[in-house]
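There are two complexes below, and they share subunit A, which is joined by subunit B in the first and by subunit C in the second.
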Partner chain A sequence: MIARWNLKSSAKLSKLAPYALPLAIVFIVIMFSIAEPAFLKPENLIGIIHQMNLIGIMAVAMTFVIMTGGVDLSVGPVLAISGLTAFFAMDAGLGLPIAIAAALGVGILIGTINGTLVAIFGLPPIIVTLAMLSIVRGLALIWGGPEWHLIRDQDAFTFIGTGHIGGISFSIILLLVFAGAVMFVQKRTPIGLIVAGIGENERAAYLSGHRVRLTKIAIYGLSGMGAALAGIVQSSQVHTSAAVYGEFGTELDVIAAIVLGGTSLMGGNGSIGRTLIGVIFLGVINNGMNILNVTLDIQLITKGVIIVLAMALSELT
Partner chain B sequence: MNEAHLIDAQGLGKTYGSLAVLIDANFTVSAGEIRALVGSNGAGKSTLIKILTGAIAPTTGTVKVDGKELVLGSPTEMINSGIACIYQHSNLAPAMTVLDNIFLGRQPTKRFGLLDRKRQRREAEELLQRHAIQIDLDALVSTLPTVKQKEVEILKALALNARILLMDEPTGWLAASDVAKLHATIRTLKSSGVAIVYISHMLDEIFAVCDTVTVMRDGRIISEGKVADITRPSLVKLMVGEKLAKDSAQAGKFKRMARGTGKVRLSANGLTKRGVFSDISFDLFAGEIFCITGLIGSKRTEFLHTLFGSDRFDSGELKVDGKVISFKSPTQAISNGMGFVTEDRHREGLMLGLSISNNLVMATLRKFHKFGLLKRKEIYSATGEMITDLNIQPPDPIKPVRLLSGGNQQKVLLGKWLNLKPKFLLLDEPTVGVDVGAKAEIYAILRAERDKGAAILVVSSDLEEVMTISDRIAVMVSGRLVAIHDADKTTLAEIIGEIGGAAR
Partner chain C sequence: MQRRPASIALLAFFLVTVGLFCLFAPNFATTSNFENLMSGFSFVAILAMGQSFPILLRGIDLSIGAMVALAGMVAFDLTMLFHVPGYLILPLVLIAATGAGAINGILIVYLRLQPFIATLATLAAYRGVVYAISGRLLIPKLATTPITDPWIVGIETYFDIGGALGISDYVHLPWFPLSFFLMIAIFITFQLLLLSTKLGRDIYTVGGNQEAARLAGINTRRITIFTYAISGFCAGVAALVLVARLTTSTEALGTGMELTAISAAVIGGVSLQGGIGSMFGPVIGAFLLGVVLIGLTLLGASQYVQQILTGAILLAAVCYDRYLVVQRQRRAAANVGANT
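Moving on, here comes the complex of A and B:
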């Protein structure tokens, strides 16, 4: 019965699919603005983008991992430990470039370990990165302790999260530049095709002469780097770093944004551009519910339901 | 005759939007009849079968079983009415016994939902007796030869009281000697009153086992009659139309190019992989098509993988263009100009969700980028040309490969490797599940590559194919090469003898 329904509907759905998400966003924006006109105020719309800044960076970086049929659950703690790394580096008197390089390096290192365990040892990504989530959080707590570390007198570092260029937040520019770079890699270099190929059929990708393992290690490294970059931006925005940042649920938001963008969790086609639209969609829902004073419990349930629906839809089409 | 129709479909039609894939089909089969259903890919066979299995509902028409009209589009209704389908690929649980497989998912139970093993065994034994099939009920399915596994699938259908069996390419994965065994089973089913619809591209089999034949083309049933009243050429003509029928008939008359240009391209000397194959030696020349034939399970696929670097041989020496080498990875083999059209296009060959264009460049991306940047224009023009050259239908480069017919998917897989301009082309069962028209096209492509000087190594169990395309023929039995012939100096009978004789 399912197969029959599938056949009939998929022809129609697949025609609509590319527009479904923008249409859904427009629809929801209209609903929210009718319910609460303040929703459309420019400050609020800019606020939405700011709220989604960190999720956006991590979602862009994780899209390739999802495209290969994998997942990276460890992004929350990686965000925290990278923020701590930046703090301790600057605290030790090292310059800003070194602090940033060290923070990004930690993220890339953890991601690469994830990738190695997945690609070389053939372990399931969900278990590897879940274990890594636990390990990295533990390390962050040992290293950073329970206290919040204030980042003072680091104007250049503070600029990353709070500065503006031409009236636009530097952190937003950072997201757009990063997304642009990854999008370029996806669309203009063979890597995007190879990643999609691995997600579609790993065996066929190997037999087509692609370095499947190396590619997988690299894309988990990229996901770790994205989490580290988000950690730098967050520490800069709030002038502190702490072991508890990137709290539980961060990874779900990131995965949700990617899936809402239409990338299948089973692997295969996906796109950075659509991930960004997914990020905006998630941001609109979060913000709209806040403005309408929807309580946190209902917000959580609503978000969960939307994510499951989006996944079900993406598997059908 | 009319009142004896077990299944009676009238006026079946199916349209998707403005596209009609099945038009006004009347299809009847009587009890104890073996009906062949033939036609090229896209002729409407699969649509008809999907309607009969309930996978899709027709746009128009009715289906009656025993005079009772059925609700269409429901697999449960079809199964309950006694229609069962045996697919090309196995649907069995290999780690379970024959008995468990027969009753999988609907074991007879006692009170409290406990399994009634005794009743299960009794029913299975009755079934075996009624249809005169001999099989060990306690054997694990994975230990059975492929032909016996097919019988288990048949038994599974019969246990559901199936009276109409649809068999889709039932011999697709069987070796020649097993085909006869399966046909014997089908004849016993016929004598116990089962109606069989036999869908196959293998015309020999249709003449061997079927009573009547229905020919489809372009969504219509264009001919129906007794197999005894039709000749093979006229059947092919009906299936594919005038032009391709001629091509197919002439295929056997092409020039043989044994040892091609006389230049040894690849030389295997005593290649051995312990427990798999041993002491394989032959030379592969530029400009020849060298076929390795044999039974399924004779380890030819495994052998090809060791040549291509996706597996290793333990001992022996491989020379490629005079240099001793063993490829460590497919990457290395490909950079040495070797392409490999794998056997299972869904599992090992294609990325079904990606476009035709992306699949066509998947093995040759290194040719399509400069300083790490994709050369999009060149990809479009190269794949556009490839689609035209290979006559891939529909000729739409952004269409996902998943939506193509088997024959066109196979052409995409072949095209992916032709893009490499291969010096060596390995092909494993290059036309399994491909219709007559596409087969002829694939053969023509292989000949063209050969004439350009490629060294082509084909593994095939389809003897008709082997006799048609090869310049030289090697026979592999249980991991050993037992004979190598020039194709024009041997006969089908000799090859069959060697396959069977040495198998013992």
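Moving on, here comes the complex of A and C:
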């Protein structure tokens, strides 16, 4: 039944597909503003972007991984351990640049280990990053303990998460600059094409002489770096770092944003711009449900249903 | 229907590990410790056997933790809110869990979702349903009231096998928990199903090569849904064991259990490439995890180290699985070379 329906309507649907998500966002925004006019207030709209800042950074960084048919489930603990790294570096009296470099370095290192296990040893990404999720969380808890670490008297560090430049918060600028840089890599360097090629047909990409393994290691490293950056921003926003940040479910939000943006898990298709739209979509839904006082249970169910619908649509078209 | 000789090696490795801990870990070689091991990891073995079915089909079920919570909450609500008698609750809980698993399969088959995306989505959704139906949140008083229904609490019974056989004067046997016998019963049923029924053979065939199986006239869709339903069923059984032990249920029940169950299955030699594995491996895998974790605790390792170790063991197991796959491919290539 479905297969037949799919054949007939696929041409029509695939033409509409690129506009489906923006249209859905507009539709949902209208629905929420009818239900609760406060939704459209500028403060709230800015609030949405703030809430999605961390997810946005991680989603931008993980898009390439998803494009190659992989996944990175370890972003939550990486976020936590990077925040701890920044805290301990500053606590030891090291300067801000060193602290940030160390935090990013930890993220890149963990991502690179993921990438090596996937690319060189040929292990399945889900299992590798699931194991890494457990390992990194354990390491973070041993290192930082279960308690919160207050970050004091670090004005420059606090600026990352809470400062403003020309009325726009620095963390938003950071997200946009980061997304712009990754977008540049995708559109203007061969790496974007190689990533798409690996997702499309890994064997073919290998036979065409592309450095498949190196590229894969690099994109998992990028995903780790994104999680580390998010960890720095979060620690800076809440003035604390803790081993329990990035709790189970963070990776779900990140993956949801990416697949909502239309990046296919079967590989090949995907763009950073559309990932950002996916992030906004998720942010609007989260925020709207909070404003309407929708309880946690319905929020979780809705999220699950939305992922299933989005994926089903993208697989059928 | 391939079984790998690795299961003998696995059993040997298991026994060596037990032996080492008996020698070096204080209080490891005691009857109460083996009682702990059996009551603490029988339900993990059940979950691992359930998880093996999707993995046999190259799938994965990330939602079992949420399904455990769902089944536990259904049991809680039925007995605390509706005062349904226990002999009805047990089948109802199993039906609910099996249904939740079947929904996973239906999403994968009919919406053509990747197994891990479908089960990641239902992980969130089922957890949401748990909060929605939670009788604890509805009536806070119930959260501190223990479940007393004899049918449910009765799952947490221990049997003095040594005493019953009259040999307790000569050897000191641990008391066996009922969950251990449940595990054995499920093991025998599933192993028979896999090895000596058409359904079992079909599962191996679909796992080995789905397209070939479909062309051979096997209803691959029904098989896929069946395997995810089995995974849900096992989550239901595990939930009953847990609820009986805690005499209550929580919204957070089963969090993170997918990691343990997948680890146990992969350690047990169920190949992520599909089509290879038996029920024997996951059971040994679960108890191997249990022995290592309990042994390390007795040696004074913190809970965090255990978390790291669970992940490391899982990584080692997939590395070994990968090694076997590569070896098989080399051998196949060598055979082709020899024939031409």
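In this section, the second predicted complex is superposed on the first by the 314 of 317 C-alpha atoms of A that agree within 3 Å, B and C clash if a C-alpha of one lies under 4 Å from a C-alpha of the other, contacts with A are read in each partner's own complex, and residues count from 1 in each chain.
The rule we apply is simple: a contact is a pair of C-beta atoms (placed from the backbone, for glycine too) under 8 Å apart; a residue touches a chain by one contact, two chains touch by 3 or more.
Because the structure is predicted, anything quoted here is derived from the model rather than measured.
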{"item": "Subunit B versus subunit C as contact partner of A:N201, first or second or both or neither", "value": "first"}
{"item": "In the superposition, subunit B vs subunit C on subunit A residues touched", "value": "C"}
{"item": "Subunit B versus subunit C as contact partner of A:H210, first or second or both or neither", "value": "first"}
{"item": "Partner chain in contact with A:P190 - subunit B first, subunit C second, else both or neither", "value": "first"}
{"item": "Where subunit A meets both subunit C and subunit B, residue numbers", "value": "none"}
{"item": "Complex contacts: residues of subunit A adjacent to subunit B", "value": "1, 3-4, 7-8, 11, 187-190, 193-194, 196-197, 200-201, 203-211, 268-269"}
{"item": "Touching residues (chain side subunit B, partner subunit A) in the complex", "value": "16-17, 54-57, 73-76, 308, 310, 329-331, 333-335, 340, 342, 347-354, 358, 361-363, 365-366, 368-369, 372-374, 416"}
{"item": "Touching residues (chain side subunit A, partner subunit C) in the complex", "value": "2, 71, 117, 121-124, 126-128, 130-135, 137-139, 141-142, 248-249, 252, 255, 259, 265-266, 295-305, 307-308, 311-312, 315-316"}
{"item": "Contact set on subunit C toward subunit A in their complex", "value": "60, 107, 110-114, 116-118, 120-132, 134, 255-256, 259, 262-263, 266, 272, 302, 304-312, 314-315, 318-319, 322, 326"}
